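Please read the structure below before turning to the comments.
Letters A, B, C and D mark the chains in the order given here, with residues in each chain numbered from 1 onward.
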Amino acid sequence: MDYKPVRTFNELAVKSLDEFVYGVAPNPVKTKNGMVIGGGTVYPEVNMTLPPMKIDESTISEVYKQYAEMIEGIVKRAKELYAPGLVVEVELLPETTMKPEWGFEIIKIMLDKMREYEEKYGLKSVLRCTPNDVREMIRPPYMRSGEMLESTLETFEKCAEYGADILSIESTGGKELHDEALINCDIKKVIFALGVLAVRDMRFLWSKIVDIAKRTGAIAGGDTACGLANTAFALAEQGMIPKVFAAVDRVAVVPRSLAAFEMGAIGPDKDCAYEGPYMKAIAGVPIAMEGKSAACAHLSSMGNIAACVCDTWSNESVQNVRLLSAPAPVVSTEQLIYDVRLLNEAAADGREYALKMRDWLARSDAKYDPQAYVLRPDIVLEISKELVKEQDAFLMTKKAASLAIDVIKRGIEKGEVMVNPREKKWLDIMKSQIETIPDDEEKFWYELQKGLDLTKWRPEEYGLTVSK
Amino acid sequence: MATLEELAQAVLDGDETQVVELTKSLMDSGVDPQDIINKGLLAGMDKVGELFKNNEMFVPEVLMSADALKAGMNLVLKDSKQGQVTPKGTVVIGTVEGDLHDIGKNLVGMMLESNGFKVHDLGADVKAEKFIEAVKEYQPDIVGMSALLTTTMVNMKTTIDALAAAGVRDKVKVIIGGAPITQKFADEIGADGYSPDAASAVELCRRLLGK
Amino acid sequence: MDYKPVRTFNELAVKSLDEFVYGVAPNPVKTKNGMVIGGGTVYPEVNMTLPPMKIDESTISEVYKQYAEMIEGIVKRAKELYAPGLVVEVELLPETTMKPEWGFEIIKIMLDKMREYEEKYGLKSVLRCTPNDVREMIRPPYMRSGEMLESTLETFEKCAEYGADILSIESTGGKELHDEALINCDIKKVIFALGVLAVRDMRFLWSKIVDIAKRTGAIAGGDTACGLANTAFALAEQGMIPKVFAAVDRVAVVPRSLAAFEMGAIGPDKDCAYEGPYMKAIAGVPIAMEGKSAACAHLSSMGNIAACVCDTWSNESVQNVRLLSAPAPVVSTEQLIYDVRLLNEAAADGREYALKMRDWLARSDAKYDPQAYVLRPDIVLEISKELVKEQDAFLMTKKAASLAIDVIKRGIEKGEVMVNPREKKWLDIMKSQIETIPDDEEKFWYELQKGLDLTKWRPEEYGLTVSK
Amino acid sequence: MATLEELAQAVLDGDETQVVELTKSLMDSGVDPQDIINKGLLAGMDKVGELFKNNEMFVPEVLMSADALKAGMNLVLKDSKQGQVTPKGTVVIGTVEGDLHDIGKNLVGMMLESNGFKVHDLGADVKAEKFIEAVKEYQPDIVGMSALLTTTMVNMKTTIDALAAAGVRDKVKVIIGGAPITQKFADEIGADGYSPDAASAVELCRRLLGK
């Protein structure tokens, strides 16, 4: 069975650099309670997780209590700071996805409190429900059937029925191979993992999620390549792999993440892997991004530039631990609200000033790291413009990697981006490896097969057959 | 004429072809195989370890050096009276129950192997019983556990308690790591060591085994 | 003995609203290693403290280890993020002030590491040394003599001799009375505590600190009314006292904090009590401020507006606890660096844009809280201009409170600031209380005496004699 | 004619003059002194506690209500056969050794007093021995400790341990509070309760004493 895109993108949704700015998306998304994401206002998106604790039958009531405490703190602070609206994201954990009734109860607790604050104080908020991709729990994973997939979909369905506004996931198709390719800095396997495996899995999975959204009236949000590009980023940040490799990987996930929108998702896209600006440029969807105010979750070299074209501004995820001032989710809520206040104030003075703000955000980071550099709005548009000429996702992935390399090389030459001298050779290594990749997907698969460890993943789960 | 320094450099460069050539040449010149191993091949790999620890080498570069090292070692061992090189120690690793994040754990495994340890990787979502079985089967010096979630890190304690209940806790050193882990947590649950990253994990294992 | 000001301010140092902006102070301060604070660039100022632990002989080596770990993490991240320079503040604790050799050892650990990073990587950094005002340890405190004062001064001296760049303190003169006045919302006692007690103590203490700075080549920084106005702010934030009361208290501390500069301090002023903008306007000194990136230490209603005219940007203080990403001091370092990057990028486009940025920062907060409102740059200048007409510190304090009330009332009328309806009456209560305060300081003291609890503080320590 | 509701409202308004007048008027009308106290004065103060807990009253307003209450009570008690109103409980409070921050602690003391508790405030920088002495002297139901510094909060445990060593730990409930304090920390050091702010502290004391 083939999962055919319902939409394709052969031109950019964002027509010019002057239209590419935070708060405004070509195709804004309107929520049930009337919030418009991408319609001119950047909203804070707060994401929170449990402190160190076990999740099982004996602790589940404590788990509920934790979420109740977190959402109470968050909406209370959002109200006190007059948030213009709020997106609350719950990334369910494996345990609370595998037992959909647990995940449902959590979502219900959150939604009930959010509704209470909307009624009592007029605080508008929407919930992004992000189940865990538990298919990974079984190794090698079954991607298209089985209990794990069913639990994930049931969680979506139950939560959406109760009113979860936005459905998202960080799906892991292709990760089995991508992890290994990353550690070895093997760009060929990266391109296969992303352009073939991940894209195929995205199409499968998002056809299901979009169906659920349609049935329940929820919004099919988007799917960030967290387990893929965000892993690359974390490894680079630790000095394990070159930053240029992570930068190229980040651009190479674009066709994979775009697949959600090809299957009918409409945004807001999810944060984490920082591919959002490309999604906005190509598909015109509003996007969530995370930067300096996600430093509680991870350090990064993209603290400001990540905000250039964001529509919601996220803290990635923060544990419910107590800081000197307040529980950490409350601290995040406050920081995000101040960040978006500033963005929205600048925009209130006119588009011209929003663009100024965007350019300062970009300029402040772009030169220091290739991963930041490939997020520069003009570079996003430049690369995206080439990508939409390519309709085949595999070829688009290959092209994305190749373009990223070229752009970074040019940036180094022009003195626009600093790259550690010992990283530079990796640009050449990647480039020459990419040149050996055939343009035919099947042929590529045939060539690669022998070198792959097929105890780690199941080709048939991606619609691939092993030769001989 | 090839020198031991050149051989060490070739290992550092991860240049397998070069390592093979230099090793052959040194052997042909009658250099003591012990010296080829210790002052050439392993000296190069020690430098690799140091650079990696200081964030001056990338993982793929370390892996290339490890491959080059292996090729050189095989040549010497095949052609001399040297027995197998005994591993620096045996380590069982795994991501704890409920947790699917294994790239950090994989990295630790690879770095340990590159640095001469024997590694048994139990994978992700590893239950306490599986750790116990592995300890009984492989008799490792060290058990390494990884967790990325605040909700699974608590299973490290469960596992340590289970090792104790099975009577094997004192046969091994237990080390832990992962984003939410701290030295304080390690102390609280009675682990023998904590490492914030893959490079330090190698150091930690060395220190725990006094090597 | 009377401690006479060496300088007085009878006109504003900042001549117009267009010169009142972050990064630029009329009288910049140059450090030994060539950093210029207030000379065009905003610097991050990172402040850190110990995690929960006891400080005594048996733990002191662990204390040193903690500081060593913190400074290493901070300068490493600052270097990785190409900080334009860095201010590190150490607020010594009571234990490490009472034993000057402990405080000295901590400062030495910090300075040695900072110098190492300057030599190795060119990261310029300076240390602000802030001993604790341990005079409070004895109740009622001896303000002008005794072991506690000597320890504080010895700590200053020793650390400055080793090279601590900036000397600061959060002195507590007047706090004995101010605490009680705050809880009772008694503006008369507030004015006496600030305008008489605190001012007198500041003059005494800063004559000493300025002497030490002169002898050692250190910079006499400044003294924020943390124990005074920041306490008011914390109480208001918890809903214990009206925000309008805290806002008025904040303005009323201006003459008290100005005393440091009258005695010869030159800045950068310290953060915490948010009176810095008034110091900059009047004395022209560069100032440290804290806002949204201090949310780890306390929530606030001034997250953005606090940055309008800052010269260093601080996190207030963060415990050395581990977050998901990194130890909290490293997280703060990263957040502050991104914040100042943005400010400095905007300014790099020209003064016009720095002013735009300033106005967005101001506008984003000013309307929501009277405490934010009194920090609006135009309002700071408006009030400051009136204050410099008054040379007597007590009368200036009375005037400051009165002007703050008027400005907030006008703001409410004009719809420029939101004040909770049940707070409004407190503006009138304060106003009518102030009207009963005589213009003669001695007379005021005579009137108040009977109503004061003189077991809590010693009038003679403030040069006051009790009648009859 | 004055009503009990009006009296309660006058307490809530913190209007001492009004409270005195209404109390007199009610007494003159022969209303049961018990009712004046419970359904008038204390009913008003209960409302104060509730509003304060919900952040709808400021501390100075609560203090004014408490003063008004006291004036009314004095009138009734002086003029009737009612004995002294027994306090809801006795509480010893103090900021722990090494810590100078006492405004939070003062606030708790004032709020407890306003709500009918007898409070002994030991001040700031209070050593464990001083807490022990106070427990022996005042025989409180509750000991409340406060700390604002991460470096002094550990003295809460020292104090609890010292109370135990002195044999008086089980004679009192121990409650703690202050910026760095959490429920988890309270549990760890064996405190009986934790309160994040002054308003909740009153609630907590009531709950601990079953009142």
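Some observations on this one:
Assume a residue touches a chain if its C-beta (ideal position, glycine included) is under 8 Å from a C-beta of that chain, and two chains touch if they have at least 3 such contacts.
Note that this is a predicted model, so its numbers are computed, not measured.
Number of steps on the shortest path from chain B to chain C, with steps defined by chain touch: 1. As a matter of contact connectivity, taking chain A out of the picture leaves the rest undivided, in one piece.
Averaging C-alpha coordinates per chain and comparing to chain B, the farthest chain turns out to be D. One inter-chain figure worth recording: chain A and chain C are separated by 41 Å, centre to centre, where each centre is the mean of the chain's CA atoms. Taking the mean of the C-alpha atoms as each chain's centre, chain C and chain D sit 33 Å apart. One inter-chain figure worth recording: chain B and chain D are separated by 61 Å, centre to centre, where each centre is the mean of the chain's CA atoms.
Residues of chain B in contact with two or more other chains: 150, 180. Chain A has residues 319, 324-325 in contact with two or more other chains. Under the stated contact rule, the graph of chain-to-chain touches falls outside the line, ring, star and complete shapes. Chain pairs that touch one another: A-B, A-C, A-D, B-C, C-D.
If you check the complex, the residues on chain A that touch chain B are 49-55, 93-95, 134, 136-137, 139, 179-180, 182-186, 231, 235, 238-242, 319, 422. By the touch criterion given at the top, residues 55-56, 58-60, 63, 98-100, 102-103, 106-107, 110, 123-125, 149-151, 153-155, 158, 180, 185, 197-198 of chain B touch chain A in their complex. Chain A makes touch with chain C in their complex at residues 77, 81-82, 291-293, 295-301, 303-304, 317-319, 321, 323-326, 328, 330-331, 334-335, 337-339, 341-342, 344-346, 349, 353, 356-357, 360-361, 363-365, 368. Those residues of chain A that touch chain D in the complex are listed here as 322, 324-325. Across the complex, chain C is touched by residues 150, 179-180, 182, 184 of chain B.
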